[in-house]
Each structure stands twice: as structure tokens, then as C-alpha cells.
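Two complexes follow with chain A in common, the first pairing it with chain B and the second with chain C.
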Partner chain A sequence: MAVYAVEITNRGVYQYNLGRRISRDVVLAARKMGRVGVAFGRYSDSPERNGIPMKWFAVIAENNDELEEQMAKYYPEVVDAAIVLDDTLLKGVESWSWDGLHPVNERVKEKGVMIVVSDQSHDELLKDVHTKDLPYKLITIPGEASFSGMWIIRDDKSEARIMGALAAALPDMISPDAVQQIFKDKADQDAAARAAKQMVTRVVEPGEGNPAEPYRYELPVWQDLTEYGIAVVGMGKGGGYHGGKEGYEPTRSTTFRKHLSRTFRPMTNFDACTQTRDCWLNCPDEAYNVTPDGFFETDYGACSGCGKCAEVCPEKIIVMVPESEFEDEASVYEMWKKDKAAYKKFFDEKSAKGWFAGQLVGPHGYVRKGQYEEEIKKKGIK
Partner chain B sequence: MTMTMEFERIRGVKAAPLPEMYTSGHRTCQGCDSALNCRYVAKAAGPRSIVLGATGCMYVANTSYYSTPWAIPWMHTQLGATGSAVLGVAVSLKVQMRKGKIKNEPINVIGIGGDGGVADMGLSAVSATLTWPEYDSLIVMYDNESYANTGVQVSCQTPYGAHTTFSPVGTVKPIMHKRWKKNTAAMMAAGHPECRYVASACTAYPVDLMNKVRRALSISGPTFVAILCPCPKGWDFDPRYSHEMGEMACKSGMWANWEMEDGKLTFQTPTSGIIKGMVQRMPVADYLLRQGRFDHLRKEDFDHIQKQLDKIWGEWGIPAILPFKVAEGELA
Partner chain C sequence: MVLEKAKIGEEHEALMSGCEAIAVALALADVDVLTGYPIRPYDTVINFIARLIADGQMDADLIHAEGEHSQFEIVKHACVSGARVFTGSSGVGWVFAMEPLVVTPPARIPVVAICGNRAVDDPGAFGCEHNDQYLVRDIGWMICWADTAQEALDLILMSYRVAEDPRVFLPCSLGVDGSFLTHAMNIVKLPSKAQVDKFLPRYDRGKLRLHPDNPISVAVQVNEDWLQELRRTVNEGAITSKAVVEQAAKEFYQIFGRQKDPFFEQYMTEDADMVLVGAGTLSLSVRANVRKLRKEGKKVGFVRMKWLRPFAAEEVRECLSRFKAVGVIDRDYSYGSGDFGGIMFHEMRSALYTAKKQPLVSNFICGLGGREIYEADVREMVKIMEDSIKAGTVKTPVTWVGTRSR
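On to the complex of A and B.
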């Protein structure tokens, strides 16, 4: 009996189509090898939302009976391959507020593989990936995270490249030949073959990786329901900054924190801040604290990294820095308060890798530099 | 017996109240202005408020498995039931106060429903609620221009030409959705003589929005506010631009900010500038081109939409609100 399972972790909406297509491709390739399979998402991820991590699955079996046995489960307990479409997802996944943070390699079985699209080194990536007590292989495919957009798929060959790497890593599950067969387009076939050569593999030994304990919490279970249902305790009304008398800090949810949606995080250049309050007022995630001296401090547990604050700041002093640049969620306001010169250096260093308001660099995939100009020309509007 | 709450007018961003009555814990998209709208409404209304929320993103995303972002009492109601739920709670509070079961004090009763919930499915119940002058309530429609929660389907608030899952783009027929957006707020203002206050606002103008919510809550009887909330998932734009998207909707004339109180209509920025002829409407193509849902439009489609807007602003009896005028010679 040969049963295989693949899990794809991707960003909601931006990578929804890409993740779905890969899960289907796995099944299509398996069928070329005379196997059966099924591709599916999970209820707890729906409806998907911009940026919020989500998963797709593919299960493959030799025959229908075997497949049906697997389908009795909500989703596979262990997977042969975990595919991660964005390296900032390596910090973990919290799909609904079920029970806390789940490491992205949680389900990878012994000697299984985890394929990540990333330009970073394995060692750099392992600072984020939680430790496991089993050995597995970490494979990187060089490239930036692909965000295909919800409606408009601008194909960058990520789909074919991931399939090519998957087949090269686990040829018994899906053969490189089967992958060549599912793509009709020569460019896709070439991309798949190329990825097999470009991928970089490294064995991750037990205990290697981020040793932090993933946070957990207990929530009521169905047995706690009464015949009247259950009332959820409301949020607190907040209070002074850090429990003091001045400033303001809202009560923040401990059961859904939103920080794992983030691919970029905002950093304020406090030296240049004129305290206009725009970042605070326009934040859809209530992520800003008001400090006693009238500054606005981002709470990185609550910030989803949308980038609105950077866009609305009239001084244009908020920079959005790639999330992979950070290992913790410490307050940069506190850092600035403690040592302004050190913070300036830190800010300059990080902001060199980030983007400020108005810079069309496509942090969430949709906006390419010059895209509007191209479209206006193409459509002959002006 | 009962009375409505009195509020101070918020004069500028720096005067916006600090306390959050709607805070973190919502599983909404990055850059979701519908969530931001909840924050503004709750902030403006303050702690002595009850919120009834219809099905939609602002129910589903806000109630992820035993989590809530609300610091004030909130209860779910059915997709089409915002009006009924609001009226029921307002009546109940009034009766309990009259019977002395609870303290006689002003409590804000606010219904929050989406465009699908309020302008399509729940229209009759909302309309009915607006005919009961003796019960104080506010119904807020957050208009994200689609049934966003269920994967973005067409609603009667979806603009002409937009791509949704119910109006896919074809090669033979590029535009599937050819109905002009319904003007729900104007309909509420025109059709309910006992409703003293109706307003239209946008999350890109938060101070105006919060003042409208406060005004609505301080006026007796049922009131209605429609709020345009850019939706990065449904409109397909980068979430960092949701503020800009709201501004552009207003500046291009796709949305208007106005207020009707006791039969008097006023316009607010940037609509007021357009009405007075002080600023030009920006070309609508600039706004539409920024969103993936209009990616398939051709030059003739942009021209058509622009022409419609020119008519709405140039020829209507009341620009952006009432399409008709009294025919010549009909009035003495």
C-alpha cells in the first residue's frame, strides 16, 4: 500500500489560486502514473482573507478503497511533502483561532521534505522554522514569493517550478515524467525541469531550528456548550499605555493575533514624527498604542502588515520592512526611547531593504512598477 | 421616556476619542476598511451601545472560534434581519425602561449590515424599521460593493462592469454585470418621511464618518448611514491602498458624501467641493484602473461609465442623489 500526502501552505487570496492549482497538479500527475487522488482545502481556512495563512492538501493512493480510507480524516496527520509558498510563513500558521500557533513543518513525516520558495539561505530560514524531533529535508527553490492575484493570474512559472522540484525530491510519489505530461506549454515544462536543477537540499537534523515553544491557549470545546449556547466574553476597554495613567493601549485579543498575516512590518522613524495621528486612526487592526509622549507604537502581535499606515503618513516616515528581517516582535519605540543613535542606525539599515509610501514595488503582489502607465497605454485611455 | 445620547462634535483627527470599543481579534483581510468602519462606528458611539451584526464578513471574520473584537455587547442576526433585530432591541429596551426593569438611560442601538444584507436581502426590514419614529436606532450599511464573505458575488451595490464570481469575464462578453449601482442611502432618505436623518460617508474620511454616526445616534427615531468601505479582496487591489481607494471613489464621483437632517441636505468634503464647482471630478478611469475587478474594461467601457457619471452630476434633479426633476410647466 502506498499512500502519499502533500500539504501546501500559502497566503490567503494572493496565493489562493496558486496553492489550489498546485494541489490539483499533484493529483493530475499521480493519475498519469495510474494512481488516484484528491485535492482539497479545509473548512477552517475559509473564507480566505488577504494575507492570512491557509492550506491546501493533496492525497494520493493506489486505488479507490485506499483513498476513501484516507478521506475519512479531516486532513492528513502526516505529509510526505510540505510546500511553503512564502518564506515569511515559516514563522508558523494560525488559521482560525483554534489553539494557537502551528509550526509550518508540523506534519512533515520522518525523512519527508519541506519545499520553500525563497532567496534566503537554509540557515537563515531555520531561524524561523520550529524544531522537530525527526529528521527531514529542507529544499529551497530560489525566487521571491509568487502572488498571483485573485482574479488576474500573471503566471511567473512558480506553479511549474514547484512541481518540478517536488518530482525531483519525491520521484516515487510523482515522477518528473508525469509532471512533464501535465504541462502542455513548453515554457512550463522547461521551468519544471530547470527547478529540479536549481533547487538546494539540506537535511535538517532533530532539534535544529527555532527552539521557541509555539504559543498555545485553551478555548471552550463543544462539551462546554449549554442548551442556551455560549456567550463569549467581550474585549476589555483598554487603558493607559502599559497600564499607566497616560497614553492609551487597547485591549488586544489573545486568541487571534493576526501577526502571522504579515510579509512586511511597519517601522516608524520617530525622530521625524510630527504626531499627526494618521497611522493610528487609519489602522484597520487597532495595532497602534498611543504613548504618554504622544507617539504611536506598533504592537507587532496585532499588526497584519497591510502597509496602510506607511501610505497615509503625511511625512512618509513609515517604512515597510520584509518580515524575514526580524526574529522577534520587540517594540521599536522602546528601542528608540532607550538609544536614539542606535535606533537610527537600525532604522537606516532595515529601511534600505523596505519600501516607503508611493514606491511601487509590489509588496503584496498586485502592483508592479509602471503597471498603471502600461494599462492606460494599452487601453488607449489617455 | 427614553432619550437619545448627546455627543460632542469631533473636530479633526487629533480630537478623535482614544478608547477602542472594537479592537483586535478580527480575522479580516489586511487593509479591510469594513473592519475599520466597525472601529469608527464603535469609537464614535462609545461604551453605552449595543451592536447587532448581520451575517457577512463583519460577522464571520469577527467571530473566529470564540474570539471577538468587540468591547461592547454584540449579537449576530440573520443576513436579512438587521432591521428587525434593531427594532426588536430598541422596543425591548424602551419597554424594560418603562417598566422600571432597567435604569432609564440613553443606550445606542446600532445595526451593522453589509450591502448584501441591507440593500438586497434585508431591504424590506430596514425600510420597515425606518417607519417607526418612536424607537431610537441606527442602521449602518457597510458597502464593500459585493457579497464579499462568500467569495465576492454581485450585489445591487456592485458598480457597473465589475468582475465578481457571479459576473466572470468572458472573451465574447467581457462585461457580465451591466446594472448601475443602486443608491440605497438616497432611497432611504426619499422614501421614509419619519426618518429624520440619513447620511452617506466613506472610511477614507474618518472624522466626517464618526460625526455622522454621532449625529445619527443623537437624533430621535430610526436613522440610516451608508458607508463605502474599500475591500482589497473583492476589488483586487493592494491592501496598502484602501485609504486612497476610498478617496478616489469620492473624488471621481463614484461615491458622494452627504447628510440629510430634517429635510435639509448638505454635502461634505470632497463632494461639497465638486457640487460647488470648486474642484473637478477626477477622471473615473484613474480610479477604476487601480482595481483588478475592472482589469477587463476597454476604452469604450471607461467612456460609458464616465458619461453616466457626467449625467448623474450634471443633469440629475439633485446631483448624485435624485435622478428626476419636476417636468417643466407642472408647477404653478
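On to the complex of A and C.
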């Protein structure tokens, strides 16, 4: 019996088609090897919203009975390969309304692989990826989060490169030859073959990675759902900053958090802030707290990284910085309050990697006009 | 990039979702008028139809209605004027169309629709439940359920054949489970246009066609001196539809080699003591777990219902009375009904009432809101049936399986 499963984690809308295509390619390649398969997305992820983490799966087997056996449990419990299309997803994903944070490597089986598209080093990535108690292989393919599933954007060969790497890592599942067969275009075939050489592999031992316990919550039994059980209980009025008398902090849900939908987070240059309140007024997620001295502090647990604050700030002093630049969600206001010189250094360092209003193309992935073309040119992708 | 363009009309296999397979069936059936209004999972069919039309692979009028009510009204009228039509919806969208859904059968208009099964609000959810399609169970719609993308394609062709038969002229709805069928991409065998043309004649409404050359009134106002007889004619169509389904399935099997059993499909029932009965994609999990339980020596089988209207009572009776115990799986509910069971449970138990030998019938409500049906759930169902057999009576007629409970 040979049954294989592949899971693809990507961000909604702009990587929807790329994820979908990869799941299909796995089945199409398996078909070239005489196998059968199914490709499907996680239904509860949809309607796919921009930037929200979502998943695709491909399950392949030698025959229909074996496939049915595997599909009896629709969403596979273990996968041979997990593919992550955006390295900011490595902090874990939270599905639409399940039970908390799920590590991206959660389903990877012993000696399975996790393929990540990233320019970061393995050590850097492992700061985000949660630990597992079994060994697996971490494979990186150089590149940034690809937009190439969108028809308006030029194909950067991410699809072919991922399939090439997958075949090189697990040739029993998908042979490199089968991958060559499903791509009709020579450039795709070359990209798939090139990825096998470009990819960097490292064994991740048990216990390696981010040791933090992912947050979870218990789903209630039906008897605990009162007549108000299916209604979301309204939140209280809120009050002073951090429970004090001054300032203002709205009450926020401790169950539904938004941080994992984010590829960028806002950072305020408090030294230049004139307290216009625009960020606080315009934030669609009410992610801003008012501090006793009249500044506005982002609660990173409530911020979905939409970039609205940066866009509306008349002083243009809010910068959107890639999420992968941060290890925690500590308040930057408190950092500034404690040591202004240290914060200035921190802010300058991070903002060099981010964008200010006016440079905006979109809130996720490539943010400057022409950056995508530069990227393709730099990597020599034809 | 692996670029694929659907080849319509050639016999070949393709990797496609249930919704895409339905769209291909519609293109092969030369549907004239289609209407859409966005709701998951129905809208995926229309997305694909739009692409087929844009690619020049299908010639049809696709109308974007301003709501589900209009969707069903538009196709109803187009169908009276002789067009082959298609529409559909899901969950509360389907419910919003209830008025045109009700008036279509008595006017004897063979609209073919899909009900992309989705939980009816509240709370808002898009997982699969069968209550939406069951809402049209009693008003003259024929209803059936598919369990794979392949079967969805097959049953669309079957639906046109049966609905447009002048002896029937009743609308038909195909139930497709949201997610499990509509969105999972499987390898589907697409038939050739020649095969489809051989199976499916042109829609001919004859004297009932609304046309300037044939001025008629449809859907008139009547009183008690007319209505009962009119109802009786609809009933006659519904009665006749059973034989028409049987005949159509027979010919379908001759041409395509599928749909051998018209109303339901039996799996490992030959020597079974107990069987589970259900409709839709829950078959996937049940079949796999039946195989597993068989290896442990438990004599379990599975009967998958396809057509619920017309309901093949005689065949069901003959089939199910062979077993010691029958467990009906409902992916639906009928709040406050007898024994507080599900809809199909009542259908089955009622059909078995006049059987010479009656099995012990119990009911399992599960898989609501698109929840998966796991191995443990199937084991629990079998355990309950075993207990019934041992006790010689049904102690718990209805069980909510897989519900988080104390």
C-alpha cells in the first residue's frame, strides 16, 4: 500500500491559484505514474480573504480503494510533505474558527519534508517554526512569497520550482520524470530541474525550533451552549490604558486573534508623532490603544496588518515591516518609553526593510512598484 | 504553469472538481439558459460555465440574476418557452427561492437544478447538510444525491432525460455535498458528445410550449372545482417518473457503463446482518469503514440512496427487510418529528412498515455543518445496531453521533 499526502499552506487570494495549481500538479504527476488522486482545499478557509492563511491538500494512492481508505478521513492527519509558500506563515496558522494556533509542520510525518519558499537561512526560519518530537527535513527554495498564481502577474516559475523540489525530495511519491511530463513548456521543465539543485536541505531534529506552546482553546460540549451559546457574547466597554485611569484601551477577544493573518506589521516613529489620531480612528480592527500621554500603541494581537494606519497617517511616520523581522509581539511604545535612543536604532533598522505610505502597491508580498520584476531579474528566472 | 483547457465533446479523463464536472455535463447537454447568483458552493458551477462560454466552448445565455428568487423565475419562464435550462443554489439562497421552487412543479416545467448542499442559517455556515434540498421533497420536485464528481456528471444527464420526459415534466434537483463533492478535484471520465446525444433527446414541450404561434396560458388562477384534479395530474407525473428513472438508468448503463442500479446502490450487503443507509458523500467514509469492520468479522453492509423522489418504496422494502438491523444515517434533522429523528429515517421506517419481515431500524444524525464522519462514528453506529439485534428491540431509535457531549 502506498498512500501519500501533501499539504500546501499559502495566503488567501493572491496565492490561492498557486496553491491550487500545486495540489493539482501533484495529482496530475501521480497520474502519469499510473496512480489515482484527489486535490482539494480546506473548505472552511473560504471565502478566501486577502492574506488569510489557507490550505490545499493532495492525496494520492495506488488504486481507488486505497484512496478511499485515506479519504475516509478527509483532511489527512499526517502528510509526507508540507509546502509553505510564504515564510511569514511559519509562525503557525489559525484556521477560520477551529481551536487555536496550528504549527505549519504539525502534520509532517517522521522523515517527511517541509518545503519553504524563503530567502532566509534555516536557522532563521527555525526561530519561528514550532518544535516537533520527530525528525523531518526542512527544504528551502530561494524566493519571496510569489504572486504568480494571479493571471495579471508574470509567472516566476514558483509552481515548477516547487514541483521540482518535491520530486527531488520524495522521488517515490512523485518522480522527477513525471514532473517533467506534466509541464509542457521548456522553461517550466528547466525551472523544475533547476530547483532540485537550488534547494537547500537540512534535517530538523526533535526539539529543534520554537519551543513556545501554541495557544489552544477547548470547544464546548453541546450542554454548555445555552440559548445564548451560539451568539458571540458582546465585549465590555473598555477602559483606561492597561487598566489605569488615563488613556483608553478597548476590550478585545482573547479567543479570536488576528496576528496570523499578517505579513506586515505597523511600527510608529513616536519621536515624530504629532498625535493626529488618524491611525486610531481609521483602524478597522480597533487595534490601537490610547496611552496616557496621548500616543497610539498597536496591540499586535489585534492587528491584521492591513496597512490602513500607514496609509492615513498625515505625517507618514508609520512603517509596515515584514512580519518575519520580529520574534515576539511586545509593545514598541513601551520600548520607546523605556529607552528612546535604543528605540530609534531599532526603528531605523526595521524600517529600512519596510515601506511607508506612498510606496504602497499592496499590503502583502511585494510592496514597491517594479519590485517583482527586479526579483525575477535578480534570480535569473526566465 | 500547467495550463489546461477543458476539451468538451471528446471522450477523455480530466482532473476536476464536482462543480466543474457538472458544468461539463451542462455543456454536453447543450443547455440554453442558465442563471446564477453567488453563494457557495453553487457559484463554482457558474464560474466554470462563464469560462466555458468565454472560451467559446459553450453556447448559452448565462444570466446573472438579482437574487435566487429571480434565478428560479427566469429559468422557469425560459423553460416554458422551450429552452433547456439550469440553475441552482445552496442553503439559505435555496430557501429564498422557495416561492418559484413551489410553483415550478404544478406548472409541469422541467427545470433542472443543483442544490449545493449547505447548512441553512443560523448560524451562518457553509458546510454540508441535506435539509436545504429536503425542503422541496413534498412539492413535486424530483430529488437525488450524487456521491462523486463522476456521478454528479452522470446524474445531471439523467435529470434532463427524466425531467423532460413528457410523461413526467417535473423539475429535478441534484444534491451535491458542499466541499466533499463540489470542491474536491477527482479524476473524472468525460463522455463524448455523440454518447450524450444518443442518451439525451432534444427537449420538446409540444403543445405546452409558450410561443406566439401557440398562445396558451400557464399558471392560471383556479378554485376548489379544479385544484384537486390538477394536483392529481402532478401526482401522476411523480408516479410515472419512477418507471422513467428506471428506463433511463438502463439506457445510461448501456451507453456509458455506469448507473447500473437506478435508485440505490448496495455495498457488501449479500451476507450482511446489518446495513447502514445514507445519501451523498458520507459513502466514502462509510464504505472504507465497512471494509475495515468486515475484516473484524462484522457482517455490515451499506446502501447508498440516490433517488429520494421518486422514492422506490417497493425496492427499498425488498432490499432492507433482508437484514436484521438497519441504521439510517441522516445528514439532516427534522426537529420535533416522531422519535425526533432525521428525514430519511422516517422515509425508510415508513416504507418498511408493510414489509413481511421488519428489521430493527435506528437512526444516526451526524456530519452536520460539513463535519467529517470518522471511523469512531461508524463504529458507534454499528455497536448500536449490534445491541439492537442482541436485545431484539430498538432501545435508542435516534442517536446524534459525533456530537461533543458530556
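As a working rule, the second predicted complex is superposed on the first by the 342 of 382 C-alpha atoms of A that agree within 3 Å, B and C clash if a C-alpha of one lies under 4 Å from a C-alpha of the other, contacts with A are read in each partner's own complex, and residues count from 1 in each chain.
Everything that follows uses one rule, which is that a contact is a pair of C-beta atoms (placed from the backbone, for glycine too) under 8 Å apart; a residue touches a chain by one contact, two chains touch by 3 or more.
Not measured: the values here are computed from a predicted model.
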Contact-wise, after the overlay, does A:R31 reach chain B, chain C, both or neither (first, second, both, neither)? second
Identify the partner contact of A:L125: answer first if only chain B is touched, second if only chain C is, both if each is, neither if none is. neither
Winner by number of chain A residues touched, once chain B and chain C are compared: B
Partner chain in contact with A:L219 - chain B first, chain C second, else both or neither: both
A:N282 in the overlay: touching chain B, chain C, both, or neither? Say first, second, both or neither. first
With both complexes superposed on chain A, which partner does A:A5 reach: first (chain B), second (chain C), both or neither? neither
Contact-wise, after the overlay, does A:G234 reach chain B, chain C, both or neither (first, second, both, neither)? first
Should A:V312 be classified as contacting the first partner (chain B), the second (chain C), both, or neither? first
Footprint overlap on chain A, comparing chain B with chain C: 47, 219-220, 230
Give the list of chain B residues in touch with chain A in this complex. 13-14, 16, 18-33, 35-36, 39, 47, 57, 60-61, 63-74, 149-151, 163, 169, 206, 232-233, 236-244, 285, 289-290, 292-293, 295, 297-299, 302
Please name which positions on chain A make contact with chain B in the complex. 12-13, 47, 49-52, 96-98, 149-152, 219-220, 230, 232-238, 248, 250-253, 255-258, 261, 276-278, 281-287, 290, 299, 302, 304-308, 310-312, 320, 362-367, 372, 375-376, 379-382
As the complex stands, chain C meets chain A at residues 1-3, 15, 17, 40, 122-123, 126-127, 178-180, 183-187, 284-285, 287-289, 291, 370, 372, 374-375, 403-406
Which positions of chain A touch chain C when the two form their complex? 21, 23-25, 27-28, 31, 36-41, 43-44, 46-47, 65, 68-69, 71-75, 148, 155, 159-160, 182-185, 188, 219-223, 230
